[in-house]
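This report concerns only the one structure given below.
Letters A, B, C and D mark the chains as written, and numbering starts fresh at 1 in each.
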Amino acid sequence: APPDWFPKESKKPFEEIVVGFANLGPSLNGYAAAYFKAFNEYAAELGVKPIMTDAALDPARQADQVRDLIAQQVDVMIVWPVNGKAIVPAARQVAQAGIPLIISNSMIDESGMEAMTSYTGPDDYAEAQEAGKIMAAALNGKGNIVLLNGTPGYRMAQLRYDGFMEVISKYPDIKVLDSQPADMSQAKGQTLMENFITRFGKQIDGVYSVDSGVGFGALTAARAAIQEGTLEAGKIKFVDATMYGFVWDLIKTGEYYGSVYQSPEEDARLALRSALKLAAGEKLKQFEYLETPGVTKANVDTISRPNF
Amino acid sequence: MSLATDRLQPSATSFDGLKTFIRSNSVWLLALALAVFFSLQSAFFLTPFNISNVLTQCVFVGLLAIGMTPVVISGNIDLSVGAVVGLTACIVVALQPYGLGVAVLAALAAGVLVGLVNGLIVEKMGISSFIVTLAMMSGIRGLTFLAIGDISLSSTDDRLNAFAMLAIGPISIVVVLFAGLAAVVGFVLRFTPHGRNTFAIGGNRSAAVDAGIAVSRHVIANFALCGLMAAICGIAMAANLGAAAPSFGRDYELLAITAVVLGGTRLQGGKGGVTGTLGAVLALAILRNGLNLLRVSPFYIPVIVGVVLIIALVLDRQVNGQAMRHGE
Amino acid sequence: MLDRKVDEDRSREGFAAAGEPLMRIRGIAKAFPGVRALAGVNLDVFAGEVHALCGENGAGKSTLMKILAGGIRPDAGEILHSGAAYEPKNPRDARNGGVVLIHQEMSLAPDLSVAENIFLGSLPCKWNGMIDRRKLNDDAERALKACGYDIDPAARVGDLPIARQQMVEIARAAAFPCSVVIFDEPTATLTEAEAESLFRTIERLRKNNVAIIYISHKMKEIFRLSDRISVLRDGETQATLRTADADEAQVMSLMIGRTLDRRQASTWKFAGNEVLTVSGLSSPGAFEDVGFSISEGEILGLYGLVGAGRSELAEAIFGLRPASGTLLWRGRPVTVRHPRDAVALGIGLVPEDRKKQGLVLGAGGRENVILANLARLSAWGLLRRTRAAALYSEFTERLRLRSPSPTTAVVTLSGGNQQKVVLAKWLATDPRLLILDEPTRGIDVGAKDEVYKIIRELAANGMAVLLISSEMPEVLGLSDRIVTMHHGRLTGEFKGGEVGEEDLIRAVMSTDHNRPAKPPAAA
Amino acid sequence: MPAMIMTSGARHAPVIAAALTLLAAWLFIPQLLDLQNVNQVLRQMAVPAIMALGVTFVVIAGRLDLSVGSVLSCSAIATITLLNEVGPVAAIAVALAIGVLVGCLNGFLVAYLRLNSLIATLGTLSIVQGMALIYTGGANVVMSDLEASTWFTSISRGYVLGIPSPVVLTLVLAVLCGVLLHASTFGRKVFAVGGNSIASAYSSIDVRRTLFATYVIADGFAAIAGVVYASRVMTARHDSGVGLELLVLSAVILGGTSLIGGSGSVLRSILGIVVIGAMQSALLLLGFPFYMQWIAVAVVLIAAAWMNVISRTGREVA
């Protein structure tokens, strides 16, 4: 039976709706993996069978896969773009085929916005602003920070940088020592941080990472340096823009300063639910944002621990 | 053919004929088998839209693989093509403000230039092409990122994307262009001195040198051609996606080489051709498309593709394999 | 009967080196790192003469010819061709200058057609840049016909048997207008009948006033063909003789700098026990129902024409090729599935193609010698280095190997010295049965004699030797017993010393000579 | 004589290049040779170094192994997931078994089925990584107790006699490999097979078994590297090792091991890794954008290969 939020007057019976999902691939990071797991579980729970494709982070392949889904005449399509700009022509083809389109998690470029029916997911810019505020508060508006950014070319990385810098640039006493791409990879975060420590040593007061995966890599590097006496314990404030479970633990203990809550389960469920509604013919808001509150030791207990 | 009678036997049995056919077209048979299988499994497979889809999906890897074929036949390899795709895609988009013509020409020139540099280093410095192009792959990628940054570029000139979206009936213009280029390269390999010399160089380089063939020139020309095809791929990708990023074409070199080898071109050189490469590109595209239509979980696709790759290699060894030396 | 023919051909007896030479070579020198290959060679070659070039392995013959053909540039010296300075920068230059080299090592592209190979480097084109296939095939057909070869110009070269490939190589000489043709050991892989047709080709070229330089280690050919003989030793010209005035002994002593002791070693044999008995041995497509036995101290010659299947038989005995049938080793049945099994029994094989099968060319001599002896040189899996070094010096000294050092890459050694490295490798395994497949192919008379001496000595010490050879004198001169093979079957058995050349030839030829015996090995 | 000196000089090109790179870098960036930074670089490079040890065998035998990166991922995933359940010893045993198993598969494909090693190992790369993807669903596997410090965590984070423990481990393994490759009869076989596999077979060497063994070694070492990785990073994913195969191959080439096979050494491969590590560190310390490393790797790779060519021609051809 259809869930109660499903429109009573649907264009198509609930059971017959085919959802196509062209995703960028779980290879992106732990968040994406948790998202897909949740998505599949939710689909099973609802009794719908989505057609999933994995672009393995290749924009050209993703465009091909979107066309594969058009060929299968899906009723509604979700796309998590590898590249917000490169998805535009394929998105237009989706629109031409009369298929409603949801862009999930990572925005499509402005130029393709008319092809998109609705966006669901985080507001990356706002999230980064939130992280910026946390960092500014952690440093009392004064100090040196290093930035560990996301995958080069991935739109989210840019937004997470711009939003953060918008806030930080209001504090003339906060200086950015350097910024390097950590590829959304923990190992890379660790390696880069080790080099930052050698280069800047005790100058570093704060580390902003694109998400907890990268941030935890940086923390691991700092721990080793603390053990060796190169750094003082507790001096560096670690902040990132998407909280993973293990960082939730560390915020509780105080070793990690703060992060931003963003739930892959909510993200996935929102996308699927919105897709089904669209297929039924319901009108949606153009932007359906997730709640992304900032998290520090002060409020960590009010937020449930992410399980990824 | 025997020790004493070298004339081709006209009275070859029909079984021999079949065998020869299978031998030179094994990968086409694989493509055919896959197509039959998937059309039985999915009603969508043989729809015009999907057929045109599969053909379109051949184009990018196909362009690279066609360009790579002469390079491999001459006994070399080019690992830098994926990076060239990223570079030229960025060039053709970034230079649009100077006019589309300028942008396209600059991208083509950049591809040829990289090819020439590859060829020159290989020939004049005597370094193995695997190493040279491995280095170039890393270097070009680095340069592109350094020049463009961690961003993607939107195509501002709509003509580029509009061209890519043109179609003749259900067949995309890009496919037609690709088919034309493949025919030209195939023709050059088979019917021109450059093509035959390419085979000679890969088959026995010192023989080619001794015969007075200007070996270096042919090798460099093949690298340049390969770079040109990679540039065309980069332009086509930027056109098709209406955007460009330095990361475009990542791992495509491996996909292209896989297609070349599956197509029956010998990695040591001297043997092969465009027809086989085309068949392999098609077979791989059908496989991916079909698995998709069958709703196979994306998690399983790398495993299936890997297994099919190995099975195809094993089968090729069975039909085409060198007489194996016992004990070796 | 061959000899009579030679006499008839002596119409050119009066060849006189008069007038201007077509090619004048003066003071040509060439050094490779560590080796002085040529140390000032002088040579005059006249139009219309066959000029034989003799010399030990490594004397510098091939190097000199490669210089003439544009493959290598000399360090010093000058060459005049028709009175003008001749400095080819590459083989194309040389060919344009009318100089064609038929290589010692096969120089063909296996995946191209016969015609394409003949005209490699100068394929005929149509106005539109396409190859003119018809002209190509017609011209090739003509060149092949001119040499008397019946080969399909459209056949893929890699599909041809090795001897036919050599013919394709030779046909190149007839395909181009040329003034100088160089043959570097062209008959090494040809049967005598095939060699005959080569000689006719050479005769035709000579009549067309072409200068021919002919390199060979086969004295008989040299005296049969040439007008003059030049001898090279250690990269220098020793002498140029008129063939009519010279004899073999003279040429040989010029080559090696001493007179050869050609006395036969003692022919006394003790009647040993049977070492290996082969019966009903078959390998589809190669040989069928082969049976023979060989005893301690015996040299068993296995004679046949190229393609008879002798190498395949050797490979089967050595575990390199699957075969059915029985092998008895000292009376006990054994199975040999891998060369390891063969070596464990005490069998060694010196293969016919030393570069492909015999040597790791990039490695040093010592490295090569230890390869078949690793099991014995191992202590707890580690290589016993001093033992290895000792083994190497013992056997290479015995064979008088000339190599700058134990680690010098064998690729830089001359053919004869390379062959000695292979021999050393197998002698070091202390085999009870040594199979020698064409052990003297491409090696000079001096080295040949040494090898013969070694073979006799080994047999005298009780080793059984299976000698596979296409050279009749070799088989006749060395073997205690001879079996002949034709089309994969044994066709006769003869006692050494009681058999003549005609008997052997009869045994390896038959009327169905042209019947296909087996599919060629894929290249 | 001068030619001889130049020749032997060129033969040691990688060593000289390493020394020069370090010297130059140190002149500009004094911190580079700070004990702490040296320790750090060495610690970081231990994982690729251990992989390079194994890959050297395959390359000397004239083949390639592109699957080592995915073996590392699998091994690290196995180590971390099993650590909590069955303890470190059993976890490591399973991880190593995975490496050996993949090595057997590769060895079977390349040695016994005689498939082209580049494409065949590309196939196994895809299969192994895909299996890891299926197993983890793409998620990070994370060590349950991130703050624990046990002997397992000290594999990569501890010290032995003041030297970082992964460096000690790498050195021990390098000595082992050095002995195996340069002093054992097996090593001679590996070189012979790479130099001329047909002649090796005629010399009674079991070519197939030798080749097979090189893959077991390469993938076994990749699995060891995976354990070290797990201990160092404490989390892993199906694609943790992506890209390492080419980094490691670059290091091996940089060390002067010829891709044609038949030549090379363990020491040189380690040097190749050190050069790359030092270079990366130097560029980062100088504040260059990350991509500069890619360009630098390209330049160094071609330069090293060229020196190698010069040294080879110096020995053989004019």
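Odds and ends about this structure:
Just so we're on the same page, contacts are C-beta pairs under 8 Å (C-beta built on N, C-alpha and C of every residue); 3 or more make two chains touch, one makes a residue touch a chain.
Nothing here was measured: the structure is a model prediction, and the numbers come from that model.
Should one ask which of B-C and A-D has more C-beta pairs in contact, the pair is B-C. Separation between the centroids of chain B and chain C, computed from CA atoms only, is 42 Å. With centres set at the average Cα position, the gap from chain A to chain D is 34 Å. Rounded to whole angstrom, the centroid-to-centroid distance between chain B and chain D, based on C-alpha atoms, equals 30 Å. Note on chain placement: the centre of chain A and the centre of chain C lie 72 Å apart, centres being C-alpha means. Of all residues in chain C, those that touch two or more other chains are 320, 338-339. Touching two or more other chains at once are residues 133, 137-138, 198, 200-201, 289 of chain D. Shown for chain B are the residues that touch two or more other chains, namely 145, 299, 301, 325, 327-328. Taken together, the chains touch in the following pairs: A-B, A-D, B-C, B-D, C-D.
Residues of chain A that touch chain B in their complex: 23, 25-26, 49, 51-54, 57-60, 63-65, 67-68, 70-73, 83-90, 109, 111, 149, 152-153, 155, 157-158, 181. Note for the complex: chain D touches chain C at residues 3, 7, 179, 183-189, 191-192, 195-196, 198-206, 262-263, 314-318.
Within the complex formed with chain C, the residues of chain B that make contact are 1-8, 191-193, 196-197, 199-204, 206-214, 270-271, 322-323, 325-328. Across the complex, chain D is touched by residues 30, 32-33, 72, 318, 320, 338-340, 342-343, 349, 351, 356-363, 367, 370-372, 374-375, 377-378, 381-383, 409, 411-412, 425 of chain C.
Residues 44, 47, 49-50, 53, 56-57, 60, 145, 150-154, 161, 164-165, 237, 240-251, 289, 292-293, 295, 297-299, 301 of chain B touch chain A in their complex.
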